[in-house]
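What follows is a single structure, and I will ask about it in a moment.
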Amino acid sequence: MTLVTLLDYTSVLVFAVTGALVASRAQLDLVGFAFIACLTALGGGTIRDLLLDRNPIFWIANPTYLGVAASAALVIFFTAHIFESRLRTLIWLDSFALAFAVAAGAGVALGLGHSPTIVVLMGMITGCMGGLMRDVVVGEVPLVLKQGELYITAAFAGAATASIAKIYLIETPLALLACACVTWVLRAGSLTFGWHLPVYKSTPPKS
Amino acid sequence: MTLVTLLDYTSVLVFAVTGALVASRAQLDLVGFAFIACLTALGGGTIRDLLLDRNPIFWIANPTYLGVAASAALVIFFTAHIFESRLRTLIWLDSFALAFAVAAGAGVALGLGHSPTIVVLMGMITGCMGGLMRDVVVGEVPLVLKQGELYITAAFAGAATASIAKIYLIETPLALLACACVTWVLRAGSLTFGWHLPVYKSTPPKS
Amino acid sequence: MTLVTLLDYTSVLVFAVTGALVASRAQLDLVGFAFIACLTALGGGTIRDLLLDRNPIFWIANPTYLGVAASAALVIFFTAHIFESRLRTLIWLDSFALAFAVAAGAGVALGLGHSPTIVVLMGMITGCMGGLMRDVVVGEVPLVLKQGELYITAAFAGAATASIAKIYLIETPLALLACACVTWVLRAGSLTFGWHLPVYKSTPPKS
């Protein structure tokens, strides 16, 4: 199993758990849990594969991914009440899933020999799109766009790290590890210490 | 005309009517009706074709589908006021469209020789994604995710029926007919008798 | 640089500005601005390229598009407060972006030798889908579906103009120019003079 495959599996597993937690907040049934879990877990990578014209899509080539996501949904359906705060659990698991998914997305693009710009974009898309679709479908404000938090920015910084590391001839596994670390540290720092970039503040127009 | 083509046409026609009814509730104009009708009617099959890399997409290969969807929108624009309850009409027509679309999606995947897992998934995607996009775009709670109803579950059961029937060497037309019946009976039973799976209920965390 | 490329660049630039203005209304940070700008600017053309199986996607083939969209986001992040009414600016810029994007989409389909129906559809998709995704993602009512305004209708009329002009053997550049003009005039007339098609009005059912 290559590192990219391992990253893909881990991000699928953890994103599926976040999807199932969102389903629990929406009080869906078991099949609804599995649906949202799969959409969240496989959505980002699916868009990446469609854009890069990778064929077949990763979970069609290897349906084990679907099994992983569905199993995660099943387990969460029966255990979600254990978590003291499902929202906090969701947000923190989402931060790990993001880190793995960004690295997996960047890894696929690096493996196909794409330019640094496309590597960065594919890392961001793989990391952010699954969670974005999860939140849009259930009608919540996307976590990805929460004001005053680093999310897309963390994905961008991580994917850029992989891209830059590769330019300096650092080996892919190390570059992807650095990518996941940078992404997670920025996201976790934002959640814990409130790190953020300045947001747009409207000022009155000049008179 | 093959059975899959017939199922595709029927689901396109009926889903287009549901899309037009949603457009009537949002008070759009005629072109808006046609747009929502096409999105609903062709959305699920388009995602199926993109994921399976079927080329060209079914409605690019055969623009008659577009004509069917647009004509349905035109007719509904002038007749929607006839229905006593547009919401009830919409929900019941949607149940038929779902049944035909799930069968069409499963049929395409069976015809391409995909594994049972992918057949089930393609049935679900073809059946559920058009209606999901219809509801997300106009900002309504997706019918697909309505709490305490069988919808994705009905699609899952129907598509699984097709998949299992195929394994036991039942001929494809029969398998698809069984698929449509199982899907519709479950959905209709849910609407009429309130059939549903247990939904997630949060319980207080253990102290 | 061909006319279609020029139209693509212009629509990307102007749509990116509208995306950034929406991001400013949602008070996102700089990376959030760039994300929404890219989604808006590249979304419609990306869906067009996926549907037509154009490979690679236009912004993967030529990442300059990404640079244009990101630069527009950067400039707007620091200058959005200058506009007296960001909403009015947004709506008017959006009308220009729509006109250019419809022409670009129709131009691509014409170049590939597609049938008039597909040319019209690709014009509409390229023009409307980016803005639609922009609004759905930030949770606003899509501009595309605003009641009592010409938007999809303007795109339809413009794309149909290109298609009809082509049938009468008018050269592609002229056809695309006519397309952009018709689209913009209809949209602008709708914004200025309230032009609209009759919308669906429910009447009580016959007794």
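Letters are used for the chains, namely A, B and C, taken in the order the chains are written, and counting of residues starts over at 1 for each.
Keep in mind that, in the parts below, contacts are C-beta pairs under 8 Å (C-beta built on N, C-alpha and C of every residue); 3 or more make two chains touch, one makes a residue touch a chain.
The structure presented is a predicted model; accordingly, all values stated were derived computationally and were not measured.
Between the two copies, chain A and chain C, the Cα superposition rotates by 120°, quoted to the nearest 5. In a homomeric contact, the two copies may use the same or different surfaces; for chain B and chain C, under half of the interface residue numbers are shared, pointing to different surfaces.
The mean-CA centres of chain B and chain C are about 28 angstrom from one another, to the nearest whole unit.
Under the contact definition stated at the top, the residues of chain C that touch 2 or more other chains are 50, 136.
Only residues 23-24, 26-33, 35, 46, 50, 55-57, 60, 63, 66-67, 77, 80-84, 86, 136-139 of chain C touch chain A when the two sit together in their complex.
Interface of chain A with chain C (complex): residues 50-53, 114-115, 117-118, 121, 124, 128, 132, 136, 141-142, 145, 147-148, 152-153, 156, 196-206.
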